[in-house]
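What follows is a pair of complexes built around chain A, which joins chain B in one and chain C in the other.
Right, the complex of A and B next:
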């Protein structure tokens, strides 16, 4: 197990470097630079001076090496758009709203989705099954910004129950959390339903009934555990996936979170911020998959013990 | 006292576009301690009737009956809790494929303890102790270890034993065995049947043996119910059914069971032409991965060790052995569908073992293969006409229009209607799919056909039809066929000679009649001994031999008794004991 972990951590490190290199090169390969505005062009001399101060006049491999050495020491650089602070301090303020809203949105959405999916599988072709199918189709087909607009329109404009946007008071969180929850809820309802149905159709379930086990024990002890195996592989990676959803949700609800920086850092050619965001996202995804794989092995004895144990 | 009382049972399933009547009025009675066989092919309603008795059918089933009683309880009126109490305690079920009937994520011990504690109020420790005793009872020697194993760590035979142990854990009054040996090797099947018989006698249970195999019935039960199309065709004692079958369906079942026995040895005609296919010293070594702490190491596992085999023109050679004996690997290597580690493959005298893909394509036209699982062997997205015509297309034979025409005429040749050309594989039955696979294999007019267990997934009557079809086509086309099978009764009725493989080696080969009349190698004898009897009067106690017995029982022959010259030595070698009869033996002076 420990050997497996070390192997996997090494592969995370390799992935990290490959991604960093590719992103760094792509970022610099795009024409233009941080100081090439069309509207108010800077003079060549000023531009050269700025580039020199930020080290942008050096060869690319020197820039890359300097950057990566810094990162490994915990120094992620200074964002061009607010030179007064570091990338870390800027992101520290920004990631709290994103984590609170995105995190609780995904967890609530996933929990509800699993419950709805279970109910749909156990009561196949009943109203709850049709509701689940409808919900998951809607959740998967309607883009998140449309869902956000609908939520604002219904609950803030027509019903006037909740504030439309902003950050601070908890009642302002409800609508964005609902918007965040929509996609996980739809996806999870669908996954759970099909995983449960697959398991319920397997011969061992009939065998369990034939042993005289109660239906409740069959569902909660055996069917859930078996259905969880295919599901753990999608749970955490999807958690990270909502980070991209944050771009829209946070824009719609005017939340000062990470989402806006994804766009602005690229638009403004803010190299340090852009790199930091992409690399943190990379690490997040890598660990999400690592943890999923460990959970998968833990749940599935065939993987945990190897196939050749006969 | 009547344990099972079924009168006028009808079961139908609601489906898209109507309903299917699976059981149409069945009466079955079973007294305590009695053993009953229910025989029929799949779709005859035999399993459905028993599942209805346990009320284990899905919600889409509608069950009606004048009487449906288990141990005096009206199954149709019983509450779910009442039903759960009956299941496992009064009637226990064992299923066809033990690999899919255990929950894969819990240990054997956990699942046995769960069963015991569902019906009886005992502590976990007591239950675990009982489980160990039960495993010992079903002849699992390392019972303590097996308790902590997960299902995937046990072989099929061991799992079925554990399943039986679990079924017996609450001392049921009746054991319902639904095709309990169909998924197992023939030698394991004989052991499991013996075990069920012994336990039934010892515990005084009643037994319902559901099977499509009359041989299994002849081995195990006293009374037989023959079912077809959801109805009981015939009922009687096992002797009545076998001696004086009244119904024509029973007669046809018996005929296909006994098809192999009527063949007698034919006079050998020694014609020395180059064989259609010859394997010389063919070997396959797999590198098995052993997980170590840091690095994985690889261990050589020889799946096939130096096999020599000759397939004469216009002949059918049977390649038999249990799973893991290397017979399928040999067949796949002969087709170059699997790369041999060493050795030669001669097709019409040309060695094809080293040819590259381009050169091989020419030979591919002459050698074709039919697989066991016809479902996965046919592309589900293609129509039957496309599937059958594909070999012509690949080899660029004829225009597309002619290809389709030929495919359709092949459909007729394999006994199907031309109108099936536009259908898809999923619309067909197993037998029909196998017919399509045969048509696809033969459309190029090959000289060699390798058939890898082509009938083992089929019902007994369908099996007989497919065997008949292969036999006819072989004669018409002058095919040379390598027929890989573990089913010795089929081999007996079809092949000219038999090659027996054991642990990757050929241990005996001889003309079919000789093998069955005079088997020389202990493994061949154990294979033959494991064939279910075709008459209940021939039932006998069987003794089972282990791998050690086989090694110890390797024949020792003096040089003078051999039909051909061989050097003496301690290592077993393949020697000739009669014209055309080779046996692995130790030769002494």
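Right, the complex of A and C next:
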């Protein structure tokens, strides 16, 4: 297990460097730079002076090396679009709303989705099953900005129960969390239903029933655990994706989160911020899969990791 | 016991998408919201576009027309108590010339400040600029040629607090603690992650245009009408712009609260004059006559723009009916010209691709449907196949400067209220990398001619050159529609002489009340 972990961590490091190099090169291959102006061209002298100030006048490999040396020392640079702070301090502020709203959205959505999926599987072809299927198809097909818009119209404009948008007081969190929860809810309802049905039809369930175990114990102790593998596979990557913020949900609800930076850093050619976002996301996804793999082994002791698998 | 009056806060959408520097003289296009409200310009325009002395109480021009002397109001101070001096204005432009990052062209072309180009190119020392603080309250500006409209140009000349810059460097304007203001507002809060700035009334401000409300929140997360309108309906915001789809519904519900604002802006087609098929003047002119501008604005654009018949929008100083009446829809003439160029009914005409840039704001609703309308008109009338390419702003500008394509859809919004602003776009390779000697000569003469009438006549002749050579095809002038809370009042909430409401800028915020 230890050897396995070390190997996996090494592969995370390799992935990190490959991604950093590819993104760095792609980023600089895109035409324009942080100071190519939209309205009027800058004079060459001004551009040269600005580029020199940011070190953009050096050869690419020098820029890359300097950047990576900085990153390894914990210095992620200064974002061009917010020069009064560092990339880290900017991300620290922006991460919180995304994590709170996106994270709660995924957890709540997944929990509800599992419950709905279970109910649908246990009461197959009943109204609850049809409702679950309708909900999950709607959740997966209606774009999240339309869901956001509907939530605002219904709960803020018509019923006047909740604020339309903004950040701060917890009552402002409810609608965006609901919007974030839509996709996880739909996904989990579908996965849970099909995984449970699959498990329920397996012979060991019949055997357990024949042994006289209560239906509750069969469902919660055996069926659910055996159905959990696909759910674990989806959870962490989905959590990473949502907890880093959605540009649509954040724009609709005016949340000062991470989502918009994924776009604005590219649009503004804000190289330090763009690199930081991509690299942090890469690390996050690598660890999400690593943790998922460990969770498989815990859920199903027949799965062996690393050399033990031989 | 006296009850303290409730602080009057007005919340409006901000238009800033980056939180760089709160210093107009450092960056104009990427400035933080409020940069132009916390500092005091030398002059400003009121809602009827009258030039009004603000930081300058008076000015005079030397006999040769090259030197201007501005007298700064003696009572003005920075919000930290330091006196506002002529030196702060000189420093502001020195700073813009050496480390400013996007408005150098303005001070070169519009300002014509002596030695500006040499200093920005690094060929001359910044001390050689035509700027001088004669004493604490007297500012002298020398231009390379007479600039009769300089008092309008300096409406965008805001001081920079040299004493703060000396202490904190460039970063003085990135941080609420180190920002000091000379204008009617001080920064109370700046949330960078959504570019939201809260400004409070500056209690020590002694200049003209004193605010009546206590606070303004410029919330850039409300910039999109899709977000602003629901927030308005829920009572979270005092004003929002409207997109085309929202106009009808909001007109029904808030008939008296819909304000139409002019935008001194022109959308036009520009060509690469050296690239086929647009190296032929008849081809360019065929396009000029092939557009039914009235149909475009009244049907496709649902009145969020008015037809453009010249580069200057109606109401803009120097606007000429003689010029405007030539841009008519004449499909027969358009076909004739195209046939004359060797493409009867568009036969043999290569497929072209028009490039335009993605935009937010008012042009976001105008450019895409307009491009599609042009596409169908050119097909129908001229038999030309035109494809459309939408590009991010930077890529579009880069493409146009590097001349990567032959036809562009270009928007331009004015920077100062003088015809030289619009004509400057095409002057000597300005924005479109071409040099038309006849045009350049006329614009140069017009810029320095001593009387307004002479100037207008020369600009008119310059635009005639543009028309004769088919340099551009004027298309539309945007207008914006806002819905405004019924709680707002004051002079800013009544229309001007032309029936338009003033644009949301320094004037409005200082002439606004809230119940």
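Simple rule for what comes next: the second predicted complex is superposed on the first by the 301 of 310 C-alpha atoms of A that agree within 3 Å, B and C clash if a C-alpha of one lies under 4 Å from a C-alpha of the other, contacts with A are read in each partner's own complex, and residues count from 1 in each chain.
Just so we're on the same page, a residue touches a chain if its C-beta (ideal position, glycine included) is under 8 Å from a C-beta of that chain, and two chains touch if they have at least 3 such contacts.
Predicted, not measured: the structure shown is a model, and the values here were computed from it.
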For this session: Put chain B and chain C onto chain A via the superposition and say whether they clash or fit.
Result: fit
For this session: Return first, second, both or neither, reflecting whether A:147 touches chain B, chain C, both chains, or no partner chain.
Result: neither
For this session: Scan A:83 for contacts with chain B and chain C and give back first, second, both or neither.
Result: second
For this session: Give one of first, second, both or neither to describe whether A:300 is in contact with chain B, with chain C, with both, or with none.
Result: first
Exercise. What angle, in steps of 10 degrees, lies at chain A between chain B and chain C when each chain is taken as its C-alpha centre?
Worked result: 150
For this session: Tell me which partner A:157 touches in the superposition: chain B (first), chain C (second), both or neither.
Result: second
For this session: Return first, second, both or neither, reflecting whether A:264 touches chain B, chain C, both chains, or no partner chain.
Result: second
Exercise. After superposition on the shared chain, which partner residues are touched by A:212: those of chain B (first), chain C (second), both, or neither?
Worked result: first
For this session: In the overlay, answer first, second, both or neither for which of chain B and chain C A:202 touches.
Result: first
For this session: Return the chain, chain B or chain C, that is in touch with more residues of chain A.
Result: C
Exercise. So, does A:254 touch the first partner chain B, the second partner chain C, both, or neither?
Worked result: second
Problem set entry | Which superposed partner A:45 touches (first chain B, second chain C, both, neither) | second
Exercise. Closest Cα approach between chain B and chain C after superposing, in Å?
Worked result: 42
Exercise. Once bound in the complex, which stretches of chain A touch chain C?
Worked result: 31-32, 35-46, 49-50, 80-85, 90, 93-94, 97, 149, 152-153, 156-157, 160, 163-167, 251-252, 254-257, 264, 267-269
Exercise. What part of chain B is in contact with chain A in the complex they form?
Worked result: 51, 54, 56, 80-81, 84-89, 92-93, 95, 97, 100-106, 114-115, 118-119, 150, 152-155, 166, 170, 288-291, 293-294
Seminar exercise, completed: Given the complex, residues on chain A that touch chain B span 3, 202-204, 206-215, 217, 221-222, 225-226, 229, 299-302, 305-310
For this session: Can you check the complex and tell me which residues of chain C touch chain A?
Result: 17-21, 29-30, 98-106, 117, 120-122, 170-171, 174-175, 191-194, 196, 219, 221-222, 224, 226-227, 230-231, 233-234, 236, 357, 392-399, 401, 412, 431
